[in-house]
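Shared between the two complexes below is chain A, which pairs with chain B and chain C, respectively.
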Partner chain A sequence: MKWFQKTEKEMTLDDVLDDLSQSADFVIYQNKASRIPYTLIYFASIIDPAKLHRVVLTKLNESETKSLEELEGIIPIENLEISSDPIKVQERLMSGYLAVRLNKSQKVLLMDLSLIKSRDLSPPEIEFSVMGPKEGLIEDLQTNMNLIRRRIPHPKLRMKKVTVGTVSKTKIIVTYIEGTASEQNVNTVVQRLEDLDFDLIADSSVIGQMLEDNSLSVFPQMIDTERTDRITGHLNYGAVAILVEGSSNALIGPINFGQLLVSFEDYYLGWNIASFFRIIRMMSILMSIVATPLYVAVLTYHFELFPSKLLATLISSRSDIPFIPVIEVLFLEITIDLLREAGARMPSKVGQTLGIVGGIVIGTAAVEASLTSNILLIIVALSALASFTTPVYRMTNTIRFLRYPLILFAQFLGLIGIALFGLFVMVHLIRLTSLGSPYLAPLYPPRVKDWYDSFFRLPYVLQKKRSHFFRTEKVSRFFDKKEKKPNSLDFDEQ
Partner chain B sequence: MSYKKIPMILLMCIVLTACVSTEIIDEVPVVFIAGYDKGSDDKIKGTISLQRFKPNQEVETRTFQAEARTSKGLRNQLSGVPKPITIGKMAVMLFGEEEAEHGVLRVLDSFLRDPASGRLTYVGVVEGSAGDLIKEEDEYLQGIGPFLQILIRQSIEYGNMPQNNLHFFDYKYYGKGMDPYMPLLKKNENEIVISGLALFKGEKMVGKLDLEEMFMFTLINRKHKAGLFEITLPDGNYATLYKVISDVSYKVSDGNKTPKVSIEVDINANIAQYTGDKLDKRIKNDIVDAFEKKIEQDSMKLIKKFQELQIDPLALGDRARSQTRKFDFSNWENHYPTLNISVKANADIMESGVID
Partner chain C sequence: MENSPRKEILVSSFLIMFIIHSNQVGVGILGFPRYINQYTGQDGWIVVLITGLIFHVFVWMMYVILGDEREDIIDLQKKWFGSWIGGLLNLLVMIYLLLGAVVILRTFIEVIQAWMFPELKTWIPVLMFLLLTYYVLAGGFRTVVGVSFFGVIFPLWLLITAVSPAKYASFTNLLPVFDHSLKDFVMGTKQMTLSFLGAEILLFAYPFLKNPKSSRVWAHIGIGGTTIIYLIVMIISIAFYSEEQLQQTIWSTLISWKMVELPFVERFEYIGITFWCFVIFPNVCLNIWAATRIGKKTLHIKQKYFSIVLLIVVFISCVLITTREQVDMINTITASIGTYFFYIYIPIIFLYAVVRRRVTR
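Up next, the complex of A and B:
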């Protein structure tokens, strides 16, 4: 690579400018009429024209100095620097800087005039909640950082910057509360981010997939969230959050299985009601994965499990259907997934029709045409509904995905197949880690005290301590060590 | 484990599954009831009733009959029935009286071995032929199997029949110091009725109890909530008791030498009906006295009957074993026919309705 670096070093500022001027939005403006002749170099598409006209041009035209150093003192913009390194100049120009050049010298004065266009804040769409703040992240990193720091005005809230991507040069902010977050977790995240080699980072989920401990797993090992209250809540427990420029989702890690059941609305409802909903969610995950495979297994191998009275209804409803149960189930499951996928791809105005088409036409017609039985229709609809109760979107997809291999296992081996697959998933979950922390954490290794805020949400009175899972140094949530030991308070010292 | 092995294992799961036979629910014949009689040449004559479910939820039943040496062998003979015949939902299993006297184990053995057969299946003996009873199924809407299942279950839960099913039979048959029993069914002109209890010695039926004896047996057998009972009072009136709840305690003394058994029955009952004028305290006492006396007399008669037949459906031997150290079964069996057994009843009227 030596030859390559050599040619790079020999590039002059003029070479760089010639190269950049191939783009239509690149401007080299020479003003010879002013008292000092100067040249302005910038990309018109990414700088703020208001700042250029009101601040930079007026000051430049008024000034009489002939050196860049003096100009640096005059112009009222905070990010100013003088550089003669053409590579650096090129980089700065690309990120919205303006360069002032005097007399064809190799040195230029760089000033930050970058203009960031972003949409307004909007309520979270994926993780909607009835109660609680309706404030979601947007695609602008500065705004997102602002949102988080406003919620945690704590001196120890750290925001470390890492740049990833050879093409996109995406700014990534690793944020955590020092002293609360385990140093090991922070180091892991930062190190993994620094080791990343990729060209274009389109979204935080790309980073998420790259940071995962086991990229073959279907289970999400970091939570993608757009809710600022969720991010700050997790930061407070000792998690690390990753904000990515241009992404309206943040990544939170480490996570465990219990946290996938947590909707942040649980903290705004009463503890008993929230606990009830969490149990419902837990059951619905199980039901959603297992319901249709059980139907296949029981109807194919173990019809004895049905009560005698239900047997009549079941056999009657199936008596016209020419397929074996697994074909019937796969047909309906794929139909539901088709509907879901089509609903996600369609423009929202067409989407309303989709509900009618899917619900009435396919549902009722399939039964009337003897393609599926009534009972299966209920089971499939219920399990599809149950899969959407999970508050973490990526988990919803995992659940829907897991069902298919399980249906096949149920077809080939019956209940034993379901048990076998359950075993397989269990072993996988036990081995899985999220940023090095056990994924199945409050269950295995068993941390019964962590159940207070994972499978249930007990009242705040019982939640004085942070979860063991984050390996935090500050276990107590709101008592400092000094307050905990009043004996150490010496009156003479005051 | 290397990731190369995972596809292999999955492939094996699929390839090796040819060994598992599927039983798709709407293709297999579901047997709800089977009856066994003694056939020609000491064969077993089996009768099964199949149900076919129509799309409009109607049920059509058909019976099939065959003869073979073993109960599983019957399946081969039933060539008119689509295979595989599944017994997982078997509700009731009936034996003809002759077959029961010959011994039921040659049929039951295969069911007790088969993990697919449910232990909650009811077993019963039919006075006459079991096959003929099953063939009369057309009169019952959901088929005779579910009908008999409900009949026996309700008699156990709300009536005067002691708890019994395949599991109980199994336990009492193989257990030492006890003998099994089964409900006894009979076909009257138009209906099937429960006519009492069939007593077994080992696998062979040796005696019967009628309905009143069955009630007494139920009361002194174990803690039980029985149904209605009608008693005759000394003054010629009649009273009906309901919700008769019995609590029995058995005391066996001197179990290894000359055993003595005393049975104490505490009974709570409610008066449902009284044919006399007014039900006052004195009459209530009369009812209690009459009831206690009846229980003591009748149950002693019952026990005498058991001793004569040398059977032990009350599981006295088992109770003696549990109350005696180093229990000697052979000594017990020698003493059993002449065992000194006393019954003490202690009745109590809880309620007599809203009018008093």
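Up next, the complex of A and C:
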């Protein structure tokens, strides 16, 4: 590529402008009628015409100066700069700058007139919650930064900029609270972002996949979230968040497995209720993965496992079915995934109706045609429902995916097959890291002091310390100033 | 000290509790009461306590042997006996460790074949367990310890199931106490040693602990945990079975699981065996891990490659053992090697270590 760079360096401003003028939206406007003849150069599609007319043109037509330096003092716009580097001028023009040129000189005055069109704020759709703020990120980076900074008006909230992508030149903001987030984590993230070499970054999830420690794993190693309260909450614990231009999701890392089960609503409900829901979620994940493989294992190999009464019910519901259990299960599981996938691809209103109708009609018909048993239908429907209780969307997919190899293992070795696959997942999770932090923490390596906000959530008064997981230097969150009630008071004396 | 582990891969000292405990509890617990009771009858539970106490002494000895430096037994033997004799001793220990891995894996697969899959070819589960073992070893010592940690935590709830046979047990079976001769107790203790084997892992894991000296308490707690679990199993077995019944039952713990009654589960031992995979697996991992350490330090082969060799050796040995008698035989052989290891070898190097340290000081 050396020859290419060489020619680029030798290019003059006029060559650059010639090259750019092949686009229809590129404008070179020469004004010879005013007191000083000037040329305006810009892309009409990405600048703000109102600013151009109201501010720039009026000032230019009024002024009598003949140098760019004096013009720089007159025009009331931030981000003014004078440059004679054609490459830099080209880059600036591409990102919505306007260039003012006097007398065909090589120097131009650049000013930021970029216009960003984006949608309004809207409530989060994927991570819905009944309680708590209904504010989600949008595709505009400036707005997202604004949302976060407004929630953490802290002088140490840092936002580092990195640009990634040879074609898309995507702006990425790495944000963290200095002193709370460990320097090591910040450096890891920034380092990995700077090392990225890719052409087009379409979304934050692309970045997420590239930053992951183990890209072979099906488990998400960073949380994608659109909720601003979740982002700020994690920042406060000591996590690092990554905002990507053009993406309505932020990435949070490092995370551990427990955080995938946390809905941020847990913090708005009472601690006892929230803990209960977390346990429910954990059990539903387990059930969702294991239920149908257990059906296959038990009915293929170990039907003695069931008491005779239950076995009779099962057998009678399966008596007309011509398939072995694994075929029956795979048929229904794939049907459910089909419905889910179809529902996700269709316009939302149609998708919902079709999903429900399709589910009920196909399910009932399959039972009546004795292709599947009633009991299996119940199990499959329940486990599908349970898989959607996880608050992190990517985890839902992981759970749905894990089921298939497990069904095959169950068919192959029965309960032992399930245990072997369980061992495999266990070892995988032990080995997995997120930005270098252990994925199963605080369970393994065991740190009992961090358990206050993991499988259950204790009251806020007891959450005085930040979790060791984030390797933060600022360990304590607050100091308990309240006076303790004297213990000597009896029941009726308080 | 040449190969002392990097700081990042050290584990917290208290995890030695899980390492020792998980390496001790294996397949033996599913049927050990029969072997003890043929000597001591209803006094079997005393034998469990005696053996537990003896192993506390062994742990104490091992800590004395290991000393204050961050060295494991492999380094020490090389340092004390030279690279030839020390290397030979290390290789012998390696064979013993491998034998331990083979015995536990093959015996467990024997259980699976006897109870769940009579037609199952031995090589299939062996291959899967060993592939998983390689995956664990590739993750380093932290992963091995993680496996033994969960290998203790996951199956822990099975202790509750001891309640079910206890409902049908007559605890008067335990009487009279101390009704056997000293010789019977000695024989029983010798038999019991097989179930307590595995504490030797301390000799290898020691330099990987963050704070080796303060791990002492935790190692003793690990032994204590093993003793308590064996005690519970022993007492339930004595109380649940009559003496003649127990002598005819090979897998007494498994059979007493049949007493568990749940509304949707009839034969609970299937669930028990399934969860027992989590108990067996750390034993295999820890033994082979320690063996690869010996290969690394004595034969200077990278663990990366040596572990594959060892896994192939274990695989072939497991497949070659086909009948119940052979399984029994290799159990007996390993038990006697283990007994010699603990009752003769460890005291000898303990004395050697003490004398040598006195002299050099």
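Note that in this section the second predicted complex is superposed on the first by the 472 of 494 C-alpha atoms of A that agree within 3 Å, B and C clash if a C-alpha of one lies under 4 Å from a C-alpha of the other, contacts with A are read in each partner's own complex, and residues count from 1 in each chain.
The criterion applied here is as follows: a residue touches a chain if its C-beta (ideal position, glycine included) is under 8 Å from a C-beta of that chain, and two chains touch if they have at least 3 such contacts.
Everything numeric in this text was worked out from a predicted model, so none of it was measured.
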{"item": "Chain C versus chain B on the shared chain A, clash or fit after superposition", "value": "clash"}
{"item": "Chain B versus chain C as contact partner of A:L216, first or second or both or neither", "value": "first"}
{"item": "A:I430 touches, of chain B and chain C: first, second, both or neither?", "value": "second"}
{"item": "First, second, both or neither for A:I324, with chain B first and chain C second", "value": "first"}
{"item": "Partner chain in contact with A:A342 - chain B first, chain C second, else both or neither", "value": "neither"}
{"item": "Partner chain(s) touched by A:P445 [first = chain B, second = chain C, both, neither]", "value": "second"}
{"item": "First (chain B), second (chain C), both or neither touched by A:T300", "value": "first"}
{"item": "Partner chain in contact with A:L420 - chain B first, chain C second, else both or neither", "value": "both"}
{"item": "Which superposed partner A:S316 touches (first chain B, second chain C, both, neither)", "value": "first"}
{"item": "Touched partner set for A:S308, first chain B, second chain C, both or neither", "value": "both"}
{"item": "Colliding stretch - chain C into chain B, listed as 20-28, 200-208 or 236-244", "value": "236-244"}
{"item": "Residues of chain A that lie at the interface with chain B and also at the interface with chain C", "value": "301-302, 304, 306, 308, 413-414, 420"}
{"item": "Complex contacts: residues of chain B adjacent to chain A", "value": "3, 13-14, 17, 20, 22-26, 28, 30, 32, 51, 53-57, 59, 86, 88-89, 91, 116, 118, 142, 146, 149"}
{"item": "Touching residues on chain A, where the partner in the complex is chain C", "value": "301-302, 304-308, 310, 413-416, 418-420, 422-424, 426-428, 430-431, 440, 444-446"}
{"item": "Interface residues, chain C side, partner chain A - complex", "value": "11-12, 15, 112, 116-117, 120, 124-125, 128-129, 132, 135-136, 139, 142-143, 146-147, 149-150, 263-267, 270-271, 273-275, 277-278, 281"}
{"item": "Residues of chain A that touch chain B when the two form their complex", "value": "216, 298-304, 306, 308-309, 311-321, 324-325, 408-409, 412-414, 417, 420"}
